[in-house]
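Just dropping this structure here.
The first chain written gets the first letter, and so on, giving A, B and C; residue counts start at 1 in each chain.
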Amino acid sequence: MPIVDLKNVTFEYIRRDNEGNVDGITTAVDGVSLKVVPGEFIAVLGANGSGKSTLAKHINALLFPTEGAVYVDGMNTADEDKLLEIRSAAGMIFQNPDDQIIGQIVEEDVAFGPENLGVPTEEIRERVSDSLNAVGMSEYGLRSPDRLSGGQKQRVSIASVIAMKPKCIIMDEPTAMIDPEGRREILETAHRLNKEEKITMILITHYMEEVVDADRVFVMDKGKVAMSGTPAEIFSRVSELQELRLTVPQATGLAYKLKMAGVPIRDGILTGDELVNAIMKLWPVAK
Amino acid sequence: MKTEKVNELNELNTDIPILEAKHLVFEYRTGAAKPVRAVYDVSFSVWPGEFIGLIGHTGSGKSTLLQLLNALETPASGTVYFKGQDIFEKRYDRKKLRGKVGLVFQYPEHQLFAETVFADVCFGPLNMGVDRKQAELTAYDTIKQVGLEDECFYKSPFDLSGGQKRRAAIAGVLAMKPEVLILDEPTAGLDPKGRDELLDMIASLRDKENMTIILVSHSMEDVARYADRIMVMNEGRLILDDTVSTVFKHRQEIKTAGLSVPEVSEIVAELSAAGLPIRDDIFTVDEAAEEILRVLKEYRVI
Amino acid sequence: MHRLDPRTKIVLTFVYILSLFIFENPAVYAVAALFLIIEIILSRIPILYMVKGLKPVAFLLAFTVAVNLLFTGGQELFSFWIFTVTIEGIKRSSYLIGRLIFLVLASNLMTLTTAPVSLTNALEYLMRPLKLFKVPVHEVAMMMSIALRFIPILVDEANKIMKAQMARGADFDSGNIIKKTKSFVPIIIPLFVSAFRRANNLAQAMEARCYNGGEGRTRLNPLKYRRGDVVAYVLLVIYAVLIVLMGCFLFKAPPVAL
């Protein structure tokens, strides 16, 4: 059974002008169908306004489709009785680290989810310390979130979601407001949780480097899935990506330029090492 | 090396530096008895028409440094000269200075407030004492300049898309006609195309209006592509300040400061280490492609 | 002190402050002072630090004393210019100053030894009877704790916006009062917009983490009375009895109304 199953999901909202009159209808998500298998690491790419955030909020039952249906772990998000179950099965990390930390100390924040779920006190304590451990923030349990760096705050948010024992975590541009070092911390944490705890990850981003290690990539454009495939497949379609206001990692871009100029190297190069190997393979021939 | 460069720039831009920081020290007070130092003894000169990339991780003191440059913060010691005049001198008109040294904060769209984009962009020039008619003319030009369509003029700034808001906010600073434009991570949160478009726009300000640019960015790739000089801050100190190619040669220092060199420079370095006879002062994709092709052709690989 | 249950501390502080207002005689104030000093010593907070805490109210103190000293009628002690100082005035202002100082010190002591989270938790608990009158106690407590979390963030934000507008030549110091008030519009509007945006984001984040009102919630740190709390309550009762006895009988003075 897929952990996330989107069936022809469409989401529309009504735009209003200053006087409150209906100005038009915007279709933010337009007939998206996709399945995510448990344990996968999925990346969703897309320009600003491509509908990727709106789509993400459907998986956590914060938004509901105008048409189509969303199933999380077999539960339909339209089923109101299952709401809490769905939200704890599919946890969500948001972009702004400051606006999602509710507790005044780290520990309290991590406990917020389990408290809402009515988990007994001793178990909450256990979950809090396990979750903080899992994101490498055990020493910060009693700190105020205000004193943490952006990367640390996002790791606290991840811990807060893990404390609800989710099967899947949706991360909605978690690195957009974070510096490179913090970005690395967040990405490492996500990949480790995916490998070690087998939590399915859905990462929404427009940093191309963050996509390289994903299992599958979806590229959204104007509410639709415009491209899908492995990172290697996606990144070999450089000009299409550029048309969608995106780009490719530098290694891929360089490989593409060389290939265009007639250098015989393979498609789908993602990392610097791959590119160096490909070029050096040609080199001994000259000697 | 450094003196050489200063001389060279001096010839280019005849007279004096447009901005000059001398032994800047900045401290702030927390509850504790001892004040915390955010900026330690930082000195540098900025020459007219330069495009400088300022990098450093969060908390390296770069944001404070920016605010010292247009007197939004006051140094504990040291000072800043704008065109040779001490901006912290008692009678110096710091309000006027802020019109000459324009500072675009991070997420500048959070400062939009007026009913229309047009009114918001007029705010700066009006504060500078420009008469209304002139302010409106300037606002009109600037909104065009940042690439906003005509239909945005009388929209509420809050109804614009994220990228448009960012441009409107930058226009609000540009409308004061600054001679130096300082931008604190202007591309944060934008998609790749939006990032490129905005940086191209900024680069054109330098090329067309000879504006001096100081760009703060986390992205080494962006800085490498646009700047001709890089300053690296770490723990409140200016640890590197030189041409782009020279700075990227100091890989170890850059990494210690919690930063990284552009991926493409790493690739070039690895190729060179593996025995490819390639120049190693390369930091953009285009240059790298050109150089690799040159080598491959020269040795008749292709 | 730090380990007492926050409910105990709230009740303690409340009764203490009440005692200051009900009685007004030297013996009661002496006992109250003694009680406070013992508390401060037990809390291990440096006395100097406590005294510093009075700074923000120093002006209020001086003002109250001056008004009462100079404008209370009664037996004249001496007078100068248009002012007359009376014995009653001196008495009255010394009571007032004592009361204010004790009050500020006692409440500072409470906030210094207790994390705001525990205080809101304790208030939620203590206000529970109000639920009978349809007061949304849990919601009020949640609002308080969110406010506490976001005040520093918004202060920071206000500061940033102010600087951003100053970078556009805004001037908050000069001009008459109307101009000054107007000059704050470019700060207030973005601040409101940002507060709404944050509130919206936060509501979403809370929903995403299964927040569903107060029903059925458990707690990471449930409030628990320990032995220390029992001791504290016993001491409080002794204090109260002592105060009432002295207030009512020792000086035979009728209690002053609230």
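Everything that follows uses one rule, which is that contacts are C-beta pairs under 8 Å (C-beta built on N, C-alpha and C of every residue); 3 or more make two chains touch, one makes a residue touch a chain.
Predicted model only: the values in this text are computed from it and were never measured.
Peer 1: Chain adjacency by touch: line, ring, star, complete or other shape?
Peer 2: Its topology is that of a complete graph.
Peer 1: Check A-C against B-C and say which one is joined by more contacting C-beta pairs.
Peer 2: Ranking A-C and B-C by C-beta contacts puts A-C first.
Peer 1: Where the centres are mean C-alpha positions, what is the separation of chain A from chain B, in Å?
Peer 2: Roughly 30 Å, centre to centre.
Peer 1: What is the distance, in whole Å, between the centres of chain A and chain C, each centre taken as the mean of its C-alpha atoms?
Peer 2: Here chain A and chain C have centroids separated by 44 Å.
Peer 1: When the C-alpha atoms of chain B and chain C are each averaged to a single point, how far apart are the two points in Å?
Peer 2: 46
Peer 1: Quick one: in the complex, what on chain B touches chain A?
Peer 2: 57-59, 156, 161-163, 188-194, 196, 218, 221, 258-260, 262-264, 266-267, 270-271, 274-276, 285-286, 288-289, 292-293, 296, 299-302
Peer 1: Which of the residues in chain C end up touching chain B in this complex?
Peer 2: Per the stated touch rule, the residues are 157, 160-161, 163-171, 185-187, 189-190, 193-194.
Peer 1: Going by the contact rule at the top, pick out the chain B residues touching chain C in the complex.
Peer 2: 67, 70, 72, 95, 98-99, 102-105, 108, 110-114, 123-124, 127-128, 158, 172-173, 176
Peer 1: So in the complex, which bits of chain A are touching chain B?
Peer 2: Residue list for chain A touching chain B: 18, 46-49, 95, 149-150, 173, 176-177, 179-182, 206, 208-209, 242, 245-247, 249-251, 253-254, 257-258, 261-264, 272-273, 275-276, 279-280, 282-283, 285-286.
Peer 1: In the complex, go through chain C and note every residue touching chain A.
Peer 2: Touch residues, chain C against chain A: 115-117, 145-146, 148-149, 152-153, 197-198, 201-202, 204-212, 216-222.
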